[in-house]
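Shared between the two complexes below is chain A, which pairs with chain B and chain C, respectively.
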Partner chain A sequence: MRIQGTKKTLAAGALAAMLAVAPAYGQEITIAIGSEPTTLDPQVRDDGGERAVNDNIYETLMARTANGELVPSLAEGPPTQVGGTTWEFKLRDGVKFHNGESFNADAVVFSVERIINPEFNSEQGSFFSTITGAAKVDDLTVRIETDGPDPILPTRMYWMKMVPPGQAADPGFADAPVGTGPYKFAGWNRGNDIVLEVNEGYWGDAPQVQKVTYRFIEESGTRLAGLLAGELDVITNLLPEFVGQVPQSANISGLELPIVILSSLGGSTADVRVRQALNYAVDKDALAESLFEGFAEVAEGQLLAPSFFGFNSDVQAYPYDPDKARALLDEAGAAGTEVELVGTSGRWLKDRELVEAVGAFWSDIGLNVNVRIFEFDEYLNRLFDRDTRADAIFVVSSNELLDADRPFSAYYHKGGIGASNEDDALAGLIDQARSETDVAKRSALYQQAVQIAYDQAYFLWLLNIEDIYGMSERMAWQPRVDAKLLVKEMRVDG
Partner chain B sequence: MVDAPSDHSVASPDDIGGRPHELFSAARGLGKELWQDKPGFIGLLLLVALVLVAIFAPLIAPHDPAAQSLRERLLPPAWVLDGSWVHPLGTDNLGRDVLSRIMFGARVSLLVGTGVVVVAGGFGVFMGLLAGYFGGRTDSFIMRWVDTQVAFPGLLLALIILAVVGPSMTTVIVVLALNGWMVYARITRGVVLSVREEPYVEAAELVGCKPARVLYRHVLPNLTSPLLTLAILEFARIILAEAALSFLGLGVQPPATSWGLDVATGKEYMFRAWWLVTFPGLAIGIVVLAINLLASWARVTSDPQEREKRFARFMARRQAGAGTREAIAK
Partner chain C sequence: MGRFMLKRLWHGLIVILGVTVIVFVVTRMVGDPVRVMLPLEATAEQRVAFEKRLGFDRSIPVQFAAYVGDLVRLDFGDSLWQRRPAMEIVFERLPLTLQLTAAGIILAIVLAIPLGIVAALRPGGLADRLTVTVSLLGLSVPQFWLGLLLIVVFAVQFRVLPTSGAASAKHIILPAVTLALPALARLVMLVRSSMIDELNQQYVKTASAKGMPFIRVVGMHALRNAAVPVVTLAGWELIRALAGYTVVVETVFAWPGLGLTAIQAIERQDLILLQAIVFTVAIMVVFINIAMDISYKMIDPRIRLA
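This part shows the complex of A and B:
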């Protein structure tokens, strides 16, 4: 009898415990990220794992909507330009850091000065290269100075996380982050997980999810298995091949655009007809539909996705037309010549397969393609070799700021780190756009640049790869174009 | 073959002279022995078949191994639902014919495997013989060289060579041989150290044989058995090492391929398309098995003690068989 009684008590206790836990459990989720952050200081590294966590703890002056539109966040409204090289931000009133510090002009000045300090040596430095300093006007007004007219400063501020001056000097700051965001840091079990809890005092709408656990799982197969076993709620970088196996998946046009840089400086690709032929030769639709199983769109003849600033909607992808490609090659007298195609393996999604596929398409139109897959370091040497440019170099450009400035400066501008042309007109347009503060004029300049590069076929534009997320049955979430994992936008049913 | 002090009633390698009929009869004798060892014979048949496939790949392959058809990617083998006999073993991640790729891949894999074993084995054994036989400073120098190189990371060496020469099949053979000769040298040296003390080696030296002859005629034959075993193990390892190098971009360049490389690229699709890893993997398995079978026969045949044992077993079986027959007859 006594034993039975104990059993009953136990059962009742367990039931009560279940009832008590059940509602809370519904609001706890687990997210798998590819790598463990090395630090949780938001201004030091340029690292996807760190960003995935800190995007929920810290906030920036500007933010983006899920569709990529730039909106004020910690700023009260869009910034205004005062003078050619100064931008003024009004700050949101009443925002507090998780430790109780007030968010004000001092915090902004501190954050700006901290990250641009050469001694601080931030990996994100290149995002803020134009910023020379910040000054407080009053408690809720701050001015940011640039070294020249900088039209994309508001966009840059979308990348700069605001840190609390009082806490940032603390030696433990990198292990225990303190921000203004909807979630606050609850614990970091090294090698295992990071836990965040909802910030009750958040200035914005209260999020539904109460607790987030981040687990670090490098291998994509393990992430998939964890999702199928019900241990994980959200996984990133799901391979297109596995979409059918997960309970729920969501995909969105991503930030990554694979291209092949065609050299106009010498070799067989110096002739524009050959470069055009190389574009006509590749069946981009087949790549998108078969190799990426539909989880990629054909890039419209430019190093920009439709949601990026500078996109030219009049320019469309070169169609797949191998006969025209052969005719162009004959016209240029280049049939059967050798083309060196440089690529790498294991760095980007399906990189090796894309290079092999492009090589085979080019062979089909009668070129002697010399495919060279290099180990990544050696590949980078070739990509950045300014003296001898390979005929064709495969690269994947990732556009975090959703703006033409960075990719065009790197690949379109003749002085860019990965450019293979010497087009003065093109470089002129890009230089002009960089300091043009009128939005419409700036957009027009980029559209002109897109057109020139397209006509000259300086690149083989391939695809715009979609980001694919796997989710558990109970999740409700729309992925964002900027690929950020904002937990405040996620909802859990049941 | 352990060399016995010359006694004309026992066959020694010296008896096989250069005259054609003698060579022929020796080969026929070996052939007969191989025929009697059925597993060894099957191993030989498999190897010959694979080498023929590799040589005549352009004639017998049903498709161009580089011809891609993205719309027909990841087709399953013919006997699976949705498969067709156009691609008997299915297609890979870019829609290329898996069977044709295995046939062409055999060329690279077999050539690299054999090439590395020959180059690394040749050099390693030579250094090991020198170290073991001469001892003293030669020994210290060679063995410290071996130690140093064992401690040197192989991938780094590969990178350095790649930066200078560029990736190709020759580079792969050189890199893998440079990384693999040390183990041959160590084993050879060990065996030589013990054989050196044997009376027949001393006798050969006393008779006035030059070191080269002592090493070649009296020491080297003792190494056949351990070296054969080592070479087989190395062969399998090298096929996979080549795959690792090629996958990183340090080895064969597309559209050329090898078995190991196909396994490495197919790994990602394992859950979706098992045939991408299975068939090239099977090919590697068959080669290694064939060589093992053949080598196991060669090891026994080249070792007089093992030969005696084999002969004794053979006789015992025959007598037992005869006894049973008599019993049945009664």
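This part shows the complex of A and C:
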């Protein structure tokens, strides 16, 4: 009995082997992502796995070029302001959802009202907190209302995916997405894969890749093995140390910026000279080289990458100058004082290593550094503790909208959840920028804010970590600054 | 037998209840799922609204009462992370873990018995020394590393097996072997030592002396007497695999079972899903223990179940 059973298993295995070596078509690719989406409703979660898939099924009024420039997508052109709190979008004509529904003003109004409805409780709510509603003007014109002047509304609409009003009411909508994008949903085998096929009726340029399969592989070593074994064409979050092993890799300045928040509220870091010394003490180039194998750029003294809105190109990183750091400490009478440095482990790429390296640089200039690595939950207690601020808290800011508003509100503004300063001037600039609809004026406000924070050394700005992708030999693709995996931009050779 | 079963089930129930209470207390004590689920930059108002939706704004005793009520109806509520019933996720993932565990443990047992017997026949001989050495290796190798090694050799170098996933029958081979190896190593050592003990007993010499074929002496008499500790260890290995090793093996091989789901639930502080998983595993452990007790009786009728 048992022997027979074994034979059957072997036969099944042999059959599976034959199926697996069947010739693959050139225009079918497989992409590995770190985690399986929990839903394919594009408006519910704030989840990277879901975005990786839905960015190809759904579209937004505004999009970005690979370099990060905001351009119209489902909108026909850039929106115009009608009065202080209203933005008007003209819509692209003739666009249809995959199920045949027309994309029009009704669809936009429905999508906006759906995601901002408090009952809907979207995790993306924080991206759209200023929006109060939307109204149809005519079939291809729609107005979006905000609670005050909102200069980044066009940017927000880059994040809001448009859903079909008819289909979205269907209870199965979360499992069978229907968008306007270049790819349409073909199947979801839970736990194993999601398959998309090209949308023949796509309004834009026809993509080359005909079919894409997403696999969910959490363990980075396993993703690498899948690429090396020829099972995968694109893998995300390739570790810097693996770059030499893969057939092809591509890297681009990413959305993540690790910083250390320095407290000006008390303790040894209350003196600006000490905070400046902490900046001069750290060799950021060495961190980029040794921890990230060069796949990181030194952050230019601000919580922004050059492609983000509000970047101040006049501000440059504090140079590595340990002598100057020691001199500043002596001047402040702070040589040998204790500095508490709080971090966590395993949440962000090389988080523990970064914190320990920073601690070592600080010890080198004669400080008594107390490095404390907490489990993530306890770490959050420290980060969010408004009463007693640790001298220095490591955090990684991720900037999906490529705009200064969110990170500055959270870390620069004295009322932010992770701020350790009580700088009224700085907070005033950020408040002003939030409702300044003139692009040039708004940019100038952020540049002033960047300068103040830099002079006051409210942070130790470390790096801008690059995203690294591993690719099979046959792939041709240039990654994007917004980290989106747009299959329509990928090509397969041979 | 009936009384015995009732008693064991009663004990099992207490164990399961104890486990669920501990899970409730520990998960409520160690963390706040709301903070982990929302982006770091979310505002205080957004956090409060989110907390309210999840019911975490209620007091702990109220939450516990609701929890016990749900438990009685076997309804753990919706997973915080996946926003669908936690038990639905468990039932979706459990079969994959059972397949993998069954394949691994059966492989370990089927190989351990002949290898252990062969080693025991000539203690100190070549086969014995080889078996002991390989077993020690199997015990010392971290499973995580072993899994990646097998992937590199069989999937990347020779390309005979897939690296990861659960799409076809041959996807199970590498994870099952990885899961089996430490269990196999321990079982071989136990079969070997038990058989050496039994083969030195007087009844083995008597049976051989009266002309019984050696293979029957080993297979019928000695093996049967050596079986009780082996069954105990096999059951223990099964429990360890279900409640522990699958977590590592499923993560390495992206095998979408309950172990991988447990890790993901922990990373996302999904208390509800974690409770459902722990509860399910606890029930399985209780039933495996009962099955082991019954099998003792079948192997050795002299054993009294009480």
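Note that in this section the second predicted complex is superposed on the first by the 470 of 494 C-alpha atoms of A that agree within 3 Å, B and C clash if a C-alpha of one lies under 4 Å from a C-alpha of the other, contacts with A are read in each partner's own complex, and residues count from 1 in each chain.
Just so it is clear, a contact is a pair of C-beta atoms (placed from the backbone, for glycine too) under 8 Å apart; a residue touches a chain by one contact, two chains touch by 3 or more.
In this text, all values refer to a predicted model and were calculated from it rather than measured experimentally.
By the touch criterion defined above, A:Glu231 lies against chain C but remains apart from chain B after alignment on the C-alpha atoms of chain A. Look at A:Ile373: by the touch rule set out above, it reaches chain B but stays clear of chain C.
Of the two partner chains placed by superposition, only chain B is touched by A:Thr344; chain C is not. For chain A, the partner touching the most residues, choosing from chain B and chain C, is C.
By the touch criterion stated above, A:Thr146 is placed in contact with neither chain B nor chain C.
After overlaying the two complexes on the shared chain, residue contacts for A:Ser420 are found with neither chain B nor chain C. Contacts of A:Ser290 after superposition: chain B is touched, whereas chain C is not reached. The interface of chain A with chain B overlaps its interface with chain C at residues 221, 377.
Contacts from chain C toward chain A in the complex involve residues 30-32, 35-44, 46, 49-50, 53, 81-83, 92-93, 96, 148, 151-152, 155-156, 159, 162-170, 173, 251-254, 256, 260, 263-264, 269. Interface residues of chain A, counted against chain B in their complex, comprise 221, 239, 241-242, 245, 283, 286-287, 289-291, 344-346, 352-353, 355-357, 359-360, 363, 370-375, 377-379. By the touch criterion given at the top, residues 9, 12-13, 15-17, 19-20, 35-36, 38-39, 44, 46, 118, 121, 123, 125-126, 129, 189-193, 215-219, 221-222, 225-226, 228-231, 376-377, 380, 383-384, 395, 397-398, 406-407, 409-410, 417-418 of chain A touch chain C in their complex.
By the touch rule above, chain B contacts chain A in their complex via residues 66-68, 70-71, 73, 93-95, 159, 162-163, 167, 247-250, 253-255, 265, 268-269, 271-272.
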